[in-house]
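First comes the structure, then the notes that go with it.
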């Protein structure tokens, strides 16, 4: 059993079978194929509303491209100081926006503190050319500490955003784990709360290389097809990525995988809590468990083959769709 | 039988089997895995010299990122006026370079005319801050008209480039077809002719979504890992792309696939030449056949299910690794 | 007498006096001053309609910023192959747009050939993500060959632009010379012909360092104040640039200066035409004279102190507001 | 008497006279003129070492262009959280670098806290493609709180920078006030402490529109002429900006102006300290005074015509070269 990351798992059987199934004969390239057509329809069903979705390969791309669609180059993106967007993308959002500024905010358990957010937004003077202009709030759901925002909290962020003319973006690299944790539908957690766009993640939860940028308001996607191509993200043999997303959304694959991962994390979490010298850093809501091990335990774990992020004040353990008991 | 593009084919059996074969257990993410290690070693063997290679998903990315590594934002890239780089990337090279200029050149059969190239380079005044500065020559091999540059011609381009402090880039989206056509090795066609970097294509010749940027001089790759990540091209589950490239290069898959496609194109080409009212626009050297059909023939082809690019003065027919007789 | 460029002249007396006149006491910085307020009002009077104007220091900035306001990063700007925009800005338009593409067009006497323009626009497929998208037509008036477009021709360009959803930009670095040549008002030559935005030049015609981006449709200026600041073009002691533009537009300074320069060029031109071995390359309409000298004459001119662009197939002679008889 | 900013003052007599003095006859454009040649020589004398200097018009440009020269697009620039670079440039550094990240640091009196700096640098993992890479430390001298770094402290920053392969940049928008405050030469305060590049300010201290980017290591200026032009900062009638810098550096104009402003600020500061209900927020070292007024005093000042930044927790008063007693 390894808990280094949910990225270390492979591809779940349903997705791999689907990839194999479309490897038959020829298909028009660049998205003019049957699998992509199906996928587009399925996205609408999945979100229970017409959406505009663009497949990409990595979460970095999904995040950077969505932010670029929502934020002018002189804009400010408000995000948590430990968000993937701010910390783990090597500046991709700055690159794709043409130099927008990420304003990083504090908050316990990697959740943006609302008071700080409001103060930060209003510290920038709209119409003052010396300052970047508020443009986007980005939250991660389930977030980098494995913790969820409640639907009410998401609604609050959307309200704060819209009152000031900003957009709300959700980094949903692990949105499936969040839906399971909150027992809600993707629609309930996103546009029904007021989210404008989303980085839709599938790779961490059983796909091979499939994420998407999803717009809940069609007008926000204007020109996006050019950003997408121009960044190098329009695949020639598109069917092989579309079918991953199609399969992932259909037949509850996304939900089953996430439910399993969450359950495994919960089990791991409960077992660890019983042990002396172990402390949970955050509540285990999804598939991520954050613990502080005592030094003694840490050594024992290492000897028993549990890989984990080393040299950190806390250790992150990630369960996956294929984590076995 | 369809000849719309080599992109309409699926994945060749060897590559698909390899993808399946690595879908076992866990593997470190972002390239710290066994398949990627193998791939790196295989790249060196394949090119018979140490190279630095970065996998990407699309040819657009391979082209735009390599050019960005070789050309400052104030640089000029000399390429053919019908090159993919100039015409079919929605400005990706301009985006990734931060606004470099593509200087497009004429030349028969999509081959850069050397006299025009020299004139164009020397028309820019080195050290004059009002003008963009010559930086890169980019040729496509096998090119957009399905025609090859001879090794001597590539050497000439490299010499022209290096005499003026420029780099030579090869868009090798179909380099395998060129190697087969010229009966030479990848090494002979690239760095042994003086090429500095290359867009290495595999997707059009049997892979699913696997291209690479290959540097033949290590110092040119400095900082490239950040460009790569920042553009969104560092895959989490890297093994699934690395194994495509690994398999493609090993066991002559690349060569067999290209040889088949070339042979099919040649056969098609010969058959067409015999027919009245058909004219070849360019010599058929690789897997691309360019014909001018008379209107009568065009209609008959349509009725018999041959898809092809429509509304063009000439029609491109592309054979693939799986084109059947 | 020197004819190297109109940039080699200094500042005309009216502008220099005005600069001195505002150097009294304090004034709010960054444009919140009386001179800037006056200038804004004067711009409206000058163009006989409400316009939105942003002072900048150089023609490069005026061109690059206006194009960036009109063209998305995936857009195409159609301009003449010898336009300043394409040839003499070291790629500034590409930089400020985030990598748009300048599509350069042929045409006699540096005037865009309309047939080529139409063909070029329609060669790009709107909605095809592989291609940059038509966005702007940019013409230079009086152009790089010293020749004017007639008002009818400008109207034609505007119509072509607007029919396809493009904007018409005028590089008016020497617009004053054009107004004099055509005996028309700035309004007649710009928005009344359908122009959407303009690079307004004053430096070549008597100012010290004063150009402007002028928008004839307010909505096009949206967000422009941030581009302007972010590029480093918002001067702290703004009154010193505003007063230049104010003075330039008031009291016919612009017209007198241009009329003088044009007259001097015409006189020079007529004198030259009488001489054997001299040929005018273009009709002399404004302040620029283009001649082909025979070698003998060229030597004699050099010996008599006439500086001019050397090593060119043709020689450009520029008259200025202070060119003496 | 107004203390809103040192930018509200006009141009000092010496600089204005010099501007007038070069407005005679013609001069080659774009810097090939006598005034620019003089200026270049004077820069070397001024800094007692060969430097490479590029005139620009605004402090924003000086800062953004110098940072762009020192920092790759995937780099991190460490600066104070209240630095002009981070707060008042509308994201110009992000724009010119192509999307680098400003890492903002705390520290009393707007001085970067060294411990935080070291922690922040080492929190980024060199060679990890997921993270931006440490590239530049930027300090402001005299800083945004009107406070100086000692020469020893600057040396410490340079050492920290160079030990990790970073560069030290000084935002010297008010460097003259700092030299006066520390009673040191420009050389002592910059390259002799290890600074690599500097934003050289003159506009706030008596010039009209003259700043410069100064490189203390020639190799850092490589390619800078193209960045400079491409950003729109190469003035045609260059003599008018060069002569400002030339005059400013010669004959102690810079020193006299700054000494006067500092003395006036000191006098103001002393007077204020004697009054009840007034507290200085920072030590008055240069020309900036920061006070907390009681509400009663604030009202009285307003009635007596003292303009000042309103609505701030503290009030900044700026003395200038022409502040009278």
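Details
As written, the chains take the letters A, B, C and D, and residue 1 is the first residue of each chain.
Going forward, a residue touches a chain if its C-beta (ideal position, glycine included) is under 8 Å from a C-beta of that chain, and two chains touch if they have at least 3 such contacts.
Computed from a predicted structure; not experimentally measured.
A centroid comparison over C-alpha atoms places B as the chain most distant from subunit D.
Distance from the subunit B centre to the subunit D centre is 48 Å, each centre being the mean of its Cα atoms. Taking each chain's centre as the mean of its C-alpha atoms, subunit A lies 33 Å from subunit B. The centroid of the Cα atoms in subunit B and the matching centroid in subunit C are 41 Å apart.
Shared interface positions of subunit C, i.e. residues touching 2 or more other chains, are given as 30, 73-74, 89-91, 95, 98-99, 129-130, 132, 226, 229-230, 234. Judged by the touch criterion defined above, the protein chains are all mutually in contact, each touching every other.
Listed in rising order, the residues of subunit B touching subunit C in the complex are 73-74, 87-91, 94-102, 129-132.
Against subunit C, in their complex, subunit D makes its touches with residues 2, 4-5, 7-11, 16, 19-20, 22-30, 56-62, 64-65, 89-92, 95, 203-204, 208-209, 226, 229-237, 240-241.
Only residues 30, 72-74, 98-99, 127, 129-130, 132-133, 223, 225-230, 234 of subunit D touch subunit B when the two sit together in their complex.
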